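The following pair of complexes shares a single chain, chain A, combined with chain B in the former and chain C in the latter.
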Partner chain A sequence: MNALIGKDDRVEIRKTIKLYIGGAFPRSESGRTYEVNSAKGDFLANVAQGSRKDARDAVLAARSAFTKWSSATAYNRGQVLYRIAEVMEGRREQFIAEVQQTSGSTTKQATKHVDAAIDRWVWYAGWADKLSQVIGTSNPVAGSFFNFSIPEPTGVVVAIAPHDSALLGLSSVIAPIIVSGNSCVVIASQNQPIPAITLAEVMATSDVPGGVVNILTGDAAEIAPWLASHADVNALDLTGITDQQLAQQLEQDAAGTVKFVRGPRTDADWMATPTLSRIRAFTEIKTVWHPMGV
Partner chain B sequence: MPSPSITSSGLPDGSAASLTGFLHGLPGVDQVGAEARAAMLGTRSIKNDAKSWAIDLAIRMIDLTTLEGMDTPGKVRAMCAKALRPDPTDSSCPSVAAVCVYGDMVQTARQAVGDRIHVAAVATAFPSGRASLEVKLLDTRDAVNAGADEIDMVIDRGAFLSGNYVKVFDEIVAIKEACGSAHLKVILETGELKTLDNVRRASWLAMVAGADVIKTSTGKVVPAATLPVTLVMLEAVRDFHRTTGTRIGVKAAGGIRTSKDAIKYLVLVNETLGEDWLTPDLFRFGASTLLNDLLLQRQRISTGHYSGPNYVTID
Partner chain C sequence: MKFEYAAAPESRAVVNIASNYGLFINGEFVEPHSGAFFKTVNPATEEVLSEVAEAGQADVDAAVKAARRAYDKTWSRMSGKDRGKYLFRIARLIQERSRELAVLESIDNGKPIRESRDVDLPLVAAHFFYYAGWADKLEFAGLGDNPQPLGVAAQVIPWNFPLLMLAWKIAPALACGNTVVLKPAETTPLTALAFADICQQADLPPGVVNIITGAGETGRMLVEHPDVNKVAFTGRTEVGKAIQRAVAGTGKALTLELGGKAANIVFDDAPFDEAIEGVVNGIFFNQGHVCCAGSRLLIQESVADQFIEALKSRLGTLRLGDPLDKNTDIGAINSYQQLAKIEELSKSGEDEGAERWSAQCDMPDKGWWFPPTLFTGVTQAHRIAREEIFGPVLSVLTFRTPDEAIEKANNTPFGLSAGIWTEKGSRILHMANSLRAGVIWANTFNRFDPTSPFGGYKESGFGREGGVHGLAAYLKVEDPS
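After this line comes the complex of A and B, so read on.
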């Protein structure tokens, strides 16, 4: 019997897992793919193996999306993040199945994982228009000036997603970056990239402007050094890097253009309620002196 | 593609009948074939040393251009500084071939660049070309007197399209005379010529009339330079060289924004006309934003990491 014919005499539609760059789903420029297996070792899919040129294209897309996204109102950004949660909710069963397959957890654990991820988006969505009240300050100064310090987005942020928390960890990395108006290039977990690309499909249909979030699949050790040294990248989030030597190398590469680097967090408890530290990390504080009227 | 079979005695003498007969006797262009060949040559992969060489060559071939109503002397001077030293962080980066400005900015540009690079001026009621011959001649002389050593003229597309080849021919001859020792580039504005047959005819018309360089477009009309159009012009130049032994230059202007595009044009030139034409004297790019992309690629090669738009000037 033909292997392509499934149970119902219907030709199976196999999905190619591709990259997410600038709102589109291209294959890798290099033409490479790699096999992704379930936790049990069964073949799941061929996934695009991103190259340095895909990373370059992703930075270009992120840079051109930054202007519009960072100048959107905070209220609007909050709505868009909430919309991501809404669309994820509609794909809840799919996410649970994928997380279960890739991580080998029980249905109960996978459900908890996916629900926490969706709730994480809602949590960060709420912060969009409250950030500057909490992080920002009105400073007392000697002289007839109003003096404000307000957070502004850093720019294009590159993040390496945690390798062992395919959806919750990924969401917990992306959401705090984009909520303040940054755009990002994220390298998904190498062994569990399928939920990441499903999340990309959610992004593509939930009013997130193309290019604000770009997701690359493949080997972080191969792609990340090009992004760390890229002069048009403003900050680096090394959350998912487990190799200390690689982390150190990336930090050194990033120093060439004085990028902000947030170090690896291999022991993070993703289930715990987050703090503002991730949001704060990818903002710059701008202080304005404003003459007071008489 | 077939090349026109023209003998050395077969060039038209400038009369209406001879021009029409000659231009309409040129073999038609196979549009699908031209597009396929241009696309095929565009897939060549140029790597490493060849790429570095091509990028430096492309920089040396640029006519750095500003042709805006809002041009100021300050902007022209800034552009001239960039033309001379495109990458201030790297002294090995070559200067561009020329700066290209409107006639009234020629003096400013000449003062800024001295004799180090060429100054090109657009003349003859650029970009539309809708003015009397007297005005066009004055426009040209004015630019030459101000210090331009290259003149970019536009042909009268209205006359060309209505079959009045003599008018176009006579204008080019007259402008060429007004140029004196300055090089004459004839802009065909291929975006308005509609067919590749017309592009071939206009190329021959300009070359027979005495153009030193034929140029694709003003940059004000979309589409501007495209690979198939440039291919047809390069082939006309090749056939003209075979017929007369005279080397005519080509300038591709407008719409070329990336290093990748520029390298495609260089491949096209090399495959059509050979290495002799891979020199700023015989091939030019009319561009403004292309230079920044070439510089970014150059920085990428010399530093080993990707550069960004913050590391080149804003035009």
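After this line comes the complex of A and C, so read on.
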């Protein structure tokens, strides 16, 4: 019996778990997969094991998507994020089952986790058209200028999702990156990648333009260094890196093109209401001096 | 027609330069443990001005220790209101001594007195005044109810605006409750040491500000010191990358303000004479020793010939010479090494096929000088269009459509600043929206204000200095995730 969903005697159609790049679901270019088991040890799937080439394809897709996504209106981006929550809601039972199986939590815990994840998207959706008003300023300079500062997306952001919070942590990492107009490449939890790929299916059916979110499965230690040193990546979110040496190595790699790095976070309380710190981390402040005169 | 000017030198009598300086640690000047000193030179005359201590590891340790003690015992415990009062005092002392500091800056740096007097010093005082007012209002900065200081800040600054960069670093750090160890550039230590005297006059508690002099090695020891919580650096991109590597994995907070290769975009409807002045100011202000300098002129093709001709004619009237002469427009190149770099890159421009033009001006016999220079026929592949020259050298490129201008302007690893010249307000905002740079000037250039955040995209660094955004670089915020 399929450990994932099956409850009756029917022989189910099992799903092939693939990567999510540029709005499509390719297998790893390397042809590799790795076995993912439930918390109890039952076989769940052979998941695509992302490679360097997959990582580079994902960056390319993210870069291509950036211009359009970053120039969408804030209202539009907010609606797209909200749409993600709507579509997740329809798959709520599936997410709960997957989170429960992959993390070994109780149904109650998994329900809480999934509900918080869906609500997190709603929370961030609302920020899309408020961000500039809260983080932006008009600055009273000495001179005949209207001087203002506004947040803008930094570009392509690479994130390593937390390994122990397969949907809520993942959502809490992706949402603040894309809400301001960034596109992203995310490496999902290595041992619990299935909810991430289900989230990718949500993305694919939620008006999120292809390439805005790209999800890789596999070994972060293998893939992340290629992304950290990639010249077309603008910033790094190392939230899910637990190996200090790897974190240091990635930060060093990032220095090659002066990427901003948000460091590892091992003690996160994902249930708590976030601050704006993640949104701020991946925005640039642009200041414009506009002349005044008759 | 040639105008003759009578020399109008600013008096040097207002400054008093000691024959040697120790390190400013824990509120007093001390002899360096290293026993080493280096000379600081007037770049306009090659005259040795003073000998300055070169801090070694023991000195860096002592400075960080003093800063830590002051942080733990005094500064982090003091109310924001009282911290603010000290910063207001410092702002006033700078205003009172601004003529002296301006002259000293021009002597040590080589910049024209007109700039140090009318731009640098007023901005220095204003910056302290601005952040002084923040010290007791940090909970209003949008960073949570109870933002906390980071601890000891290691700050390394460049030689192009020595005292202004000091102000940009020290004022927000202190306002937020941090203590600092600051290293000025090795070619321009004197105004930072004068600032140490101002800290004494202000009765600033010992150890809150420590100033250690030295070269790159001293800077490396400072940013790598394990008891530092924050590193702030302004300078060359290569050094910034090395610092980011060194800081990796330590958990130290980091802000970097690095190089630039700004496009100054002139449309055919630009106010012509203003644009000429703005382009001149954009690249020849401070001898082009400006990270945000408008070093790439993008001129719309339809007016290019006319504009370049007018530009050359204007450059021919710039006066190069004695930085202390109030008539001087272009001062000395800050160091022999910098002059060699400017010459090398200019030569590459010629070698790669661009056409060089330099203003004919009399060069003083002594000191380091470079005439205002522009290159036409520059392509985006040329080194002079890609690399930061940090000197009075302008690369001229042309464009036909706004989209082409945007494409060319953004075609750089840097993203610090950009300029737009047009009479059309909607075009300004459209262009500003499309340019990937941290500061966009429209119908002006190289204008600064303490309320206006400054800092770059891409390889120009991260973090902002100035304005409410500048506080984030020196505060710790509670964050559940």
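Convention: the second predicted complex is superposed on the first by the 280 of 294 C-alpha atoms of A that agree within 3 Å, B and C clash if a C-alpha of one lies under 4 Å from a C-alpha of the other, contacts with A are read in each partner's own complex, and residues count from 1 in each chain.
As a convention for this text, a contact is a pair of C-beta atoms (placed from the backbone, for glycine too) under 8 Å apart; a residue touches a chain by one contact, two chains touch by 3 or more.
Please read these numbers as outputs of a predicted model, since none were measured by experiment.
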Superposed partners chain B and chain C on chain A - clash or fit: fit
Touched partner set for A:252, first chain B, second chain C, both or neither: second
Touching partner for A:13 - first (chain B), second (chain C), both, neither: neither
Where the C-alpha centre of chain A sits as vertex, the angle toward chain B and chain C in the overlay (nearest 10 degrees): 80
Contacts of A:230 with chain B and chain C, given as first, second, both or neither: first
Chain B versus chain C as contact partner of A:135, first or second or both or neither: second
When both partners are placed on the shared chain, which of chain B and chain C touches more of chain A: C
Touching partner for A:284 - first (chain B), second (chain C), both, neither: second
First (chain B), second (chain C), both or neither touched by A:147: second
Touched partner set for A:172, first chain B, second chain C, both or neither: second
Shortest span in Å between Cα atoms of chain B and of chain C, once chain A is used as the common reference: 5
Overlap of the chain B and chain C footprints on chain A, listed as residue numbers: 256
Complex contact set, residues of chain B against chain A: 299, 304-311
Residues of chain A that touch chain C when the two form their complex: 134-135, 137, 139-143, 145, 147, 149, 154, 172, 234, 244-245, 247-249, 251-252, 254-258, 260-261, 263, 265, 268-270, 272-278, 280, 284-291
Touching residues on chain A, where the partner in the complex is chain B: 56, 59, 63, 226, 229-233, 253, 256
Chain C - residues contacting chain A, complex: 126, 142, 144, 237, 240-242, 244-245, 247-249, 251, 256, 258, 413, 425, 428-429, 432, 437-444, 447, 449, 451-455, 457-462, 464, 467-469, 472, 477-481
